[in-house]
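Below, chain A partners chain B and then partners chain C, in two separate complexes.
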Partner chain A sequence: MTITQAPARTTTAPAPTPRRRVPLEPYLYLLPHAVLFFLFTVYPIGYGLYISLHRWDLLNPVKTFVGSEFYRNLFTPGTPQADFFWKTLWNTTFFTIVSVPLLLIAALGLALLLHRPIFGRTFFRAVFFMPGILTVSVMGILWRWMFDNQIGLVNAARMVLASAPPIPWLSTEGLAWVPIVVGTVWWTVGFNMTLYLAALGNVPVSLYEAASLDGATPWQSLRFITIPLLAPVTLFVFVTTALASFQLFGQSLLITNGGPSRSTQSVIQYITEEGFTNAQYSSAAAMGFAFGLIMLIFTAAQFGLMARDVKGDEG
Partner chain B sequence: MSTPLSRLVLLTAAVTFAVSSGPANAQGYTGPKVNLTFLHGFTGPDRPVMEGLIKKYNDSHPNVQVRAQAQPWGTTWQQLPALVASGKAPDVVVINEDQITGFVARGAVSPLTPAELKGAGIDKSKFFGPLFATADYKDQAYGVPISSVAYVMFYNKDLMKKAGLDPNKPPRTRDELLKASLACTVDKSGKKAGQTGFDPKNLDTWGISLYNNWVGARAAYAAILQNGGQMVNKDQNAAFNSPQAISAVQFLVDLVQKQHVARPNSTEEAELAAFSQGKVCFFPSGQWYLDRFESQKMNFGVTFMPRVGGTVKDAAWGGSSHLTLPKQPSSYDANKRKAALDFMAWLSQPAQNLTWTSTGSLPTQAAVAKNATFEKAPISGIFDRLDSVYATSGYPWVGQVMAPFDQAWEAAYLGKKTVSQALNDGVKESNKQIEQARKNFQ
Partner chain C sequence: MTTTAPVRRVRRRRMPRDLPRFLLLCVLAIIFLAPVYWMISTSFKTEADAISLPVQWIPSRPTLDNYREVLTSPDGNILRWTGNSLYVALAFTVLHVALCALTAYPLARMRFPGRNAWFWFILSSLMIPGIVTLIPTYIMMLNFNWINSYHALIWPGLSGVFGVFLLRQFFMGIPRELEEAARLDGANSLQILWRIILPLSIPSLATLAVFAFMGSWNNFLWPLFTVTDVDKMTLPVGITTFSQRYVTEYGKLMAATTLAAVPALIAYLLAQRFLESGLSTTGLKE
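And then the complex of A and B:
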């Protein structure tokens, strides 16, 4: 090694043979992943794009090139795609806007309560975490029954406790979101809570001691110590929860089946309907790409937020 | 019918049946030995029954060996186009009524010529007409029915007696249904519909279950056909907003909003629970709930959907599964097709169909419906009209028609739109989607 290295240092150009050998090796390491990546990511995306630009059906040998027709449909008033794509996209966005703050605040609240050395702490942590291990079908059927217009537990409780008339949750626009949002919070809050619990464990106790010596109220400790120190984990929880909420599918499918009048239909459910119920694969592919693009922009904005936060931490 | 004892009785009956109809087997496949692949979606408790039938076929047909594969229906719908396009389709595939015309129109299934059917001993006229026609497209047959479900009306005999009705005479017409429903409807203070002080919001018992999901919408589907209406016109465009359709659906909506003999804003789960608890006289739904009411030891009956829509004809919605032969490459072994037809003929014979009814399926042909096994079974209450069960098929865009139709029923039933507005909006949306889908079939 030393013998070959020594002349290389003195000459201006390194020996050609070792130079050629070295770059090949890292690519060989990358090869297995690259093959899978091209096969299962790049190729499907490319093929999907091809489908979205043609009138495509596996059984039809003629696959006419139609260019941007299926993308233009989304912006042509009067087409079902223009009507329902934006409506269901808004539904999904609405769900995200409502559920993300709830999932943040509820998770933080639970974590603050269960961080303190109260009796049965481990038990309650398990209780709030446990719904998350259920499949979406179990969760969906459960909340559908809870909020049933006639026989639901919620309406039964209203009648027994307040002798109030039953509310048709599942068939009233707007109200139909209640079981979906409440069910989702119940279902997923435990995971966020666990993240917050871990972060709370890292807040130095000495800060609280110093604050209490200075006469800070519990609220002031929370406001000026806990919340600022939890900011990085809050941002992480916000980003992951928002992305998960945009993927709303199973909850609204099982609880309301997108109804009434498509008011709770998620954009993914609509794309699935277009593709597999209506056998309009090209149209569904185009909508998939449109939705993907919107998600990319949204994710880029969030990455920007995260990057700024990291910089802030360093500075 | 799901109890082990009744299964045994059915199987015994099936064996007797098979022996008596033995000669029909004589004209089977006689060519060289072939292996067939058979793809179906009977993955539940019906799977062992299907496997038993296939074993029986293999044992009695040494020159044909059928290898079956069961997988969820949805998986088959997604895979079939790729399998056909690559020339690797199974020899026989079971396709359901809501998918079949789509696959036929897209060229995934090959037609069964009259000569082929005759050669295999499949007699179309022995099956219930509309059921066999489910797999027809442009006057050609594409499949043979082996399994069938239907929309029926369950009725609570005890509650009918209490309301002063004859529990052995379920309503058959519009007027009878309305009268019976009014008799069943009592509010919590004991007042009947029509009496002063009657409170429709606090019903104790009521006449009929209507609800807003796709199963609920099948009551409206039946009503439209009963009044001479159609889902699509002869050009296969959506047409469920004809005057006949509007008047038929209006009667159902009036039961909720005007007569107050059905609960508004109800769900299938709630009505199912109400019927189980003896709160409602009539529960129209799928015949697949039979097991549930039988195991509850309820005093109930099953009748064919009464003519709620009009007087033109009897009609109820039904679903079915059909044996089909997918399109194969030109190099396909002709013997395999002959053997496949033989297998189809055998599996659809009365003996096998009778065995299959142990899974909860309805008979596919009158010969089976007449079997003594059913004499005392509650389900036999609909057997006299099994030839009036109509599937959603015959046009390639069932999804594009039924989804807007189900939405229209929901809007009308919930009172969000008038019946004509709801149906007109549904037809408009459906036709926009059909217009786009049509371009795929040229």
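And then the complex of A and C:
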């Protein structure tokens, strides 16, 4: 600081008017993070684009420019890249479409059950929240086994309760989604429940009292007071849950390994397979960009939705 | 619990009406706990009992063999993986919270050209899906010779900006008078940050630390591909190698997953209040 001040003092006559000088200090605070931000966020985006436009071979130092070839592959029917990319993208979308409503409704249901005081409330909250802290591999291994084709607990329960034959959940196309979706709901519903519980705590009790004086049934209170007042949280939960569902990777990798015949493979698993297993880095980078772009549009639309909602609240 | 008498009377009167709700919650709790109970119970069963039908809810011949074998397995060392996870998560958390605080401080409390531009520039990266940088960052790790090193698990994630946003919001709410008083006493900006801003921000720093730790601890995709050396693996990745090896040996597999779940369960019991309140405030406070 003293160094920058020194020349200022020697210039011209005494000038008590505060001089506008650019301070160095704030930039020094920003510097460490900025270095990492450029290195690991900004640079990889450009580098990835470069990789996707060249034929990237780790062993070959010459990276041939191929332009949009790897992007065009995605739109060329018959190439495995086109077939599997769109198939796994649809799988991921399907998972999102199925799991998001479940994760919203189940979370709201649990929150409503736990909102009013009840014996053991803290315990129940903990029970529903707890699975979410498990790492995805514990969750995946556990649910693969719960739905094991032969001796999984689900099949065992069917056998005992209904003397029904075991169902080969994991190796039947279509059914293989059941363990993934059920496991995911079990795993993450507690997070959404907590958000709903916080929001329910902010709903003024007087509204319900007024409604019940007017003879409203509990269902009407729910329908006309609770749900409308929860709309901003619902939107927030919807956005975060949908974005998380599009990131599907570990659950299907560990429960079904994407099978049978890629019917539950997520697009991220396919991209990693193309990149890391097949060493097709350029192709995988192109797919990363393509999927990233789709996600970006989706995210922007949802942020727009949220922004509009926030504005609507203020106006 | 310090419930007052009238409240308790009301609650008792309500109990019969609440009974169906209570029973429903019990059923749901049993369903939620069943997989975890099953995992723990099976970890104490012999292989024969683990797959016997009808299902054995309580191990008929409880044994610690599964744990003994898993802990001494030559295929991988759960304790070592736990240590790796702990090291990586702690290093990441400390560095991340420090970086976020340093970055959030001028963005919240100083005036300088480019402040808002920089804030929005880094914030906009929240929109970029992680998959975009996956392959290029991996190739950077290859170039840095960081594959199979802890560096790959720590450094790239430190460029994240959500924590900057979180702390900036909190720092902005701190009364300016405190800062001005300190400045009159001759404190420089670093002293103000260290003596005034940070002590007042402990709740939000702790929230950020809990989330950073959990995020790093549970990270799966990135360590799965950047660390292939069994000794360097983190717990979530290491445990999947067991699942590939002991695919039909359920007792051992469940002993391994139980061991993998224990640190998270302990952490959860210790940080439960923080975690849940942190989640509900960070998510919703605008």
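Throughout what follows, the second predicted complex is superposed on the first by the 283 of 315 C-alpha atoms of A that agree within 3 Å, B and C clash if a C-alpha of one lies under 4 Å from a C-alpha of the other, contacts with A are read in each partner's own complex, and residues count from 1 in each chain.
The rule is simple: a contact is a pair of C-beta atoms (placed from the backbone, for glycine too) under 8 Å apart; a residue touches a chain by one contact, two chains touch by 3 or more.
What you see is a predicted model, and the numbers here were worked out from it, not measured in a lab.
S.K.: Specify the outcome, clash or fit, for chain B and chain C once both structures are aligned onto chain A.
M.R.: On the superposed model, which is not a single observed complex, chain B and chain C clash.
S.K.: Tell me which partner A:168 touches in the superposition: chain B (first), chain C (second), both or neither.
M.R.: In the superposition, A:168 contacts chain B only.
S.K.: Considering only touches as defined above, state whether A:58 meets chain B (first), chain C (second), both or neither.
M.R.: both
S.K.: Going by the contact rule stated at the top, is it chain B or chain C that touches a larger number of residues on chain A?
M.R.: C
S.K.: With both complexes overlaid on chain A, does A:151 touch chain B (first), chain C (second), both or neither?
M.R.: Once the two structures are laid over each other on A, A:151 reaches both partners.
S.K.: With the two complexes superposed on chain A, say which partner A:74 touches: chain B (first), chain C (second), both, or neither.
M.R.: In the superposition, A:74 touches no partner, neither chain B nor chain C.
S.K.: Looking at the overlay, what does A:268 touch: chain B (first), chain C (second), both, or neither?
M.R.: After superposing on A, A:268 lies in contact with chain C but is clear of chain B.
S.K.: May I ask you to decide whether A:185 touches chain B, chain C, both, or neither, giving the answer as first, second, both or neither?
M.R.: A:185: touches no partner chain.
S.K.: Looking at A:279, would you say it contacts chain B, chain C, both, or neither? Reply first, second, both or neither.
M.R.: Only chain B is touched by A:279; chain C is not.
S.K.: On the A-aligned overlay, A:26 touches which partner chain: chain B = first, chain C = second, or both, or neither?
M.R.: A:26: touches chain C, not chain B.
S.K.: Superposing the two structures on chain A, identify the stretch of chain B from 38-46, 146-154 or 218-226 that clashes with chain C.
M.R.: 38-46
S.K.: Could you tell me which stretches of chain A are touched by chain B in one complex and by chain C in the other?
M.R.: 58, 144-145, 150-151, 276
S.K.: In the complex formed with chain C, which residues of chain A make contact?
M.R.: For chain A paired with chain C, touching residues are 22-23, 25-27, 29-30, 32-34, 36-37, 39-45, 47-48, 51, 56, 58, 110, 113-114, 116-120, 123-131, 133-138, 140-146, 150-151, 153, 156-157, 159-160, 186, 191, 194-195, 197-199, 233, 236, 240, 247, 249-250, 254, 268, 271-272, 275-276, 281, 284-285, 288-289, 291-292, 295-296, 299-300, 303, 310.
S.K.: Could you pull out which chain C residues touch chain A in their complex?
M.R.: Touching chain A: residues 11, 15, 18, 21-22, 24-25, 28-29, 32-36, 38-39, 51, 53-55, 99-100, 102-103, 105-107, 110, 112-113, 115, 118, 122, 125, 127-140, 142, 155-159, 161, 164, 189, 214, 217-218, 220-221, 225, 235-237, 239-240, 243, 250, 253-254, 257, 260-261, 264-265, 267-268, 272, 275-276, 279-281, 283-284, 286 of chain C.
S.K.: Where on chain A does chain B make contact in their complex?
M.R.: Within the complex, chain A contacts chain B at residues 55, 57-60, 78-80, 144-145, 148-151, 165, 168, 170-171, 257, 259-262, 273, 276-280, 283.
S.K.: Could you please specify the touching residues of chain B with respect to chain A in the complex?
M.R.: It comes out as residues 74, 77-78, 81-82, 84-85, 102, 106-108, 201, 212-213, 263-267, 269-271, 273-274, 397, 399-400, 403, 407, 410-411, 414, 416, 429, 432-433, 436-437, 439-440.
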